[in-house]
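Next up: the structures, one after another.
Shared chain: subunit A. Partners: subunit B in the first complex, subunit C in the second.
Showing the complex of A and B:
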């Protein structure tokens, strides 16, 4: 009898925990469909006007395009340099290889605001100050670890025998990589790319320092909008963003299986 | 015959051994140039005076001036507070997930990971809506329950900022603890019970000590991210002043870049210390 009370209490706590976890998110989704002219809850009626309002505010559209370009660019760049590194590091057991791994993952542990602030001055000194290129470089610094970690995770779990078979059958290292290794690590690349894309897309502390009319990303524009106004447009934009993230996750899950991703993540 | 095949395999073997380390070179070079050099440059800026000479005056005031010391203390206390709350809230959830959830464990993991798909702006906005003048909480207190006659000004209070930070970081704590709980041999707990320990004593003397590694991993992770948190505090800060907020202010309004660099270095030292602890914990687990 006493046992049941403890279990029941624990279960109730977990339910409360998820109310806490989901409430701030669900409330934004609901407010984005409000018919009111201001933020209120409960909402007085339903409407899609705040979604329409997103497209009437040009800075949102410009910033959305910049954000997508940067997120894709940083992810591609991270894959180009991160996948080869992950392939080497996943199979090496030497102490300095694990040191390199730690180094490649270290941007994850540093405060983003410090990376952003320091990069702005350094890149300005290099002559690429506030520009698309600077934004792309700095985003790649924080996206790279996600690619390295997930690809190395997937690759470390693969048996060497496939590649050895290809090599014995006469394939050169490049052919082996293209026809054997790459298809095998593709789930890791996709999962890492998804994390990388979402990280870049949601980044504010770095993008903030590189803000200008042509390089403002969506979170930067949203922040400055929120500092001046408090209306449901932000809710509508957030809901749209969430929907896109869910769709992306479902596609990756459909093609590669979510269980493979969580193992690697 | 065997001689030629040996000669054929030898060079290819050698290239297989030599080529791989080169594979990591582009990534390492990229981070050295665009991650390490900017941080070194930042360190230099923090010790170069406005007239071009060397100075430690910024660090001297950061580490002796009461105003700045209080900012550093607030930064550390806030992160520590968020970490402790995350442990207290996260542990029962992790325990339930591993030991009790059964067929619900998939759902729980999904619910833990799903919020990571939402933007930080969305979650911050969510807290603003919950506690806005015409938000859910005021609606309940004023209109539905009639406890208050006028809506409260709730947004921009430290409590809500802390709740918002816990909301962002507690999933990391739950997952860190759950990973370690999963690896504990339940026979140890059964033995304790057979030897006469009650559930509470079993938990505090067997389960909890065995899961300390998970709490440690989660705590370092949460502390590290809370330490650099910025968006949540800008929008919900409630008058708290932390190092990231001060860097933002120095950059935006005061435009004292040397001071902002010195503050960045302090924040960086805290982060590097956390990374060091994290590596030690991982290494001990490996041994």
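Showing the complex of A and C:
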């Protein structure tokens, strides 16, 4: 009897927790379908006009393309740099290894706005200036820790015997990596890439400093729009982003399996 | 099968490189002379900038103006980091940041020989940013209210404080997180209640009296939500934004310029040093009476060219800048941190 009450209390807590977490999102979704010209709840009627307005406002489309390009580019670069680094550092006995690992992970513990501001001045001093390349470099800096951390975590948990067996059977280091190590660390790469993509795609504090007529990302344009416009287009855009994220996760789950991304092997 | 020899490869590469240089260099030079990058806030602001300033500029000069969306702190940081080759040629700034840019030597002096339309802008508005820019657009921070819930709105800051203190209604005022709060609330209310830049005690005393009936907004959308949801009935807000809400269907909203005068919150235009000289032509278009009239019509904000004749629709909505309280921006900038510190200690929200 007492156990039933505990279970009931726990279930109620979980339900309340989800309501607390999801209710604001639900309101944003509902407001995006309003027929009113301003944000209000409850909504007076239903309309899809704010979704149509997203596609009529060209800066949203241009910025969305830049955001996707940067998120993919930063994720690919982070993998190219982060995977070898993680493999080396995960099992290194060098005294420097933990220092280098801390250095690579340090962007996680620094305020993004500081990284953005410092990068603006540093890259401008180097002559890279306000450009797509500068934006890509800075996003890579903040995406890299996600790849390094997840890949190093997975790799450190793997027995050395798999790679040793491959070597004993005659595989050179490259073949060993390709046929043994890479398939084993793939869940770490996938999980890190997903975090990396989302971190870059949602990033505002860094993108803000590198925004220009050709390099503005979606969050920068959304902020600028929201500060001076009061219609529910931002709610519609948020709903669309939410839908895209859910669809992407469903596809990843279907093709790869989300549970595999967190479990090695 | 064709075998490419090392010498052929090097020769071919050199030719391709030379070709790219020959083709690329004139394009670069061309880009520098016939393209400028101008700045705008997003949404209707950007659309108005394109229609009222970019289009006439491009028609007259045959040059192209790229519009960079964002905000003043972003553009100022970019110019500061790239002083030799600023990434934007025209800055849209809040007065405090315009003064920072002016004092840091990042922007050029405005003169009539470079910008003929500057002659039509009241001198006070150019002097307010040390002559290194001018105000071209302004909003007034006054009393916005829900006219269905407040039939007899306060007409002055003094009445506002008195009636909010008595609990007659809940007021929504800007929080210290909002950049313009020191001007539109602290200074404006202190001045209206007998203080000024040197004495903001009347403001803090008023806030202490009103504290039980105040809510704070961090951004303009918060204020609107406070009024539409019933969380507040009146507040301190901008005229232009009030009318934008009205035009988008919130016909229950109204605005009053307080009897003591609401603060003038200007938008300055500036040209970074070393920016493309074509920027002067663009700035001249921003200050043009006809273009400003169109801009005011779209934005519901006052503009500064003295030849502007507002349309019948917006004329009753615009407070002439002479009837506003003109903030001493430079003096406010000097004591701003002190005020923020006092706010944090005494109000804390």
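One rule holds in what follows: the second predicted complex is superposed on the first by the 231 of 265 C-alpha atoms of A that agree within 3 Å, B and C clash if a C-alpha of one lies under 4 Å from a C-alpha of the other, contacts with A are read in each partner's own complex, and residues count from 1 in each chain.
Heads up, the rule we're going with is that a contact is a pair of C-beta atoms (placed from the backbone, for glycine too) under 8 Å apart; a residue touches a chain by one contact, two chains touch by 3 or more.
Every value quoted in this text rests on a predicted model; they were computed, and no experiment measured them.
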Put subunit B and subunit C onto subunit A via the superposition and say whether they clash or fit. clash
Of the partners subunit B and subunit C, which touch A:221 in the superposed model: first, second, both, neither? second
Answer with first, second, both or neither: which of subunit B and subunit C does A:52 touch in the superposed model? neither
Should A:209 be classified as contacting the first partner (subunit B), the second (subunit C), both, or neither? both
According to the stated criteria, A:117 is in contact with first (subunit B), second (subunit C), both, or neither; which is it? both
Touching A:8 in the superposition: subunit B (first), subunit C (second), both, neither? neither
State whether A:40 touches subunit B only (first), subunit C only (second), both chains, or neither. both
Should A:230 be classified as contacting the first partner (subunit B), the second (subunit C), both, or neither? both
Would you check which partner chain A:173 touches, where first means subunit B only, second means subunit C only, and both and neither mean what they say? first
As a test of reading the superposition: which chain, subunit B or subunit C, is in touch with more residues of subunit A? B
Touched partner set for A:17, first subunit B, second subunit C, both or neither: first
Identify the residues of subunit A that lie in both the subunit B contact region and the subunit C contact region. 38-41, 117, 121, 125, 208-209, 222-223, 226, 230
Under the touch definition given earlier, write down the residues of subunit C that touch subunit A in their complex. 37, 41-46, 66-71, 74, 77-78, 81-82, 85, 87-88, 219-221, 224-225, 228-229, 241, 244-245, 248-250
Report the residues of subunit A in contact with subunit B in the complex, numbered from low to high. 3, 6-7, 10-11, 13-14, 17-18, 20-25, 27-28, 31, 38-42, 80-82, 84-85, 87-89, 91-92, 97, 100, 102-104, 106-107, 109-115, 117-119, 121-123, 125, 137-138, 140-141, 144, 148, 167, 173, 198, 201-202, 204-205, 208-209, 219, 222-223, 226, 230, 234-235, 238-239, 241-242, 245-246, 249, 262
Could you please specify the touching residues of subunit B with respect to subunit A in the complex? 12, 15-16, 19-21, 23-24, 26-28, 30-31, 34-35, 37-39, 41-42, 45, 89, 92-93, 95-96, 100, 108-109, 111-113, 115-123, 125-130, 132, 134-136, 139, 164, 167, 170-171, 199, 224, 227-228, 230-231, 234-235, 244, 247-248, 251, 257, 260-261, 264, 267-268, 271-272, 274-275, 278-279
In their shared complex, at which residues does subunit A touch subunit C? 36-41, 59, 117, 120-121, 124-125, 129-130, 208-209, 211-214, 216, 220-231
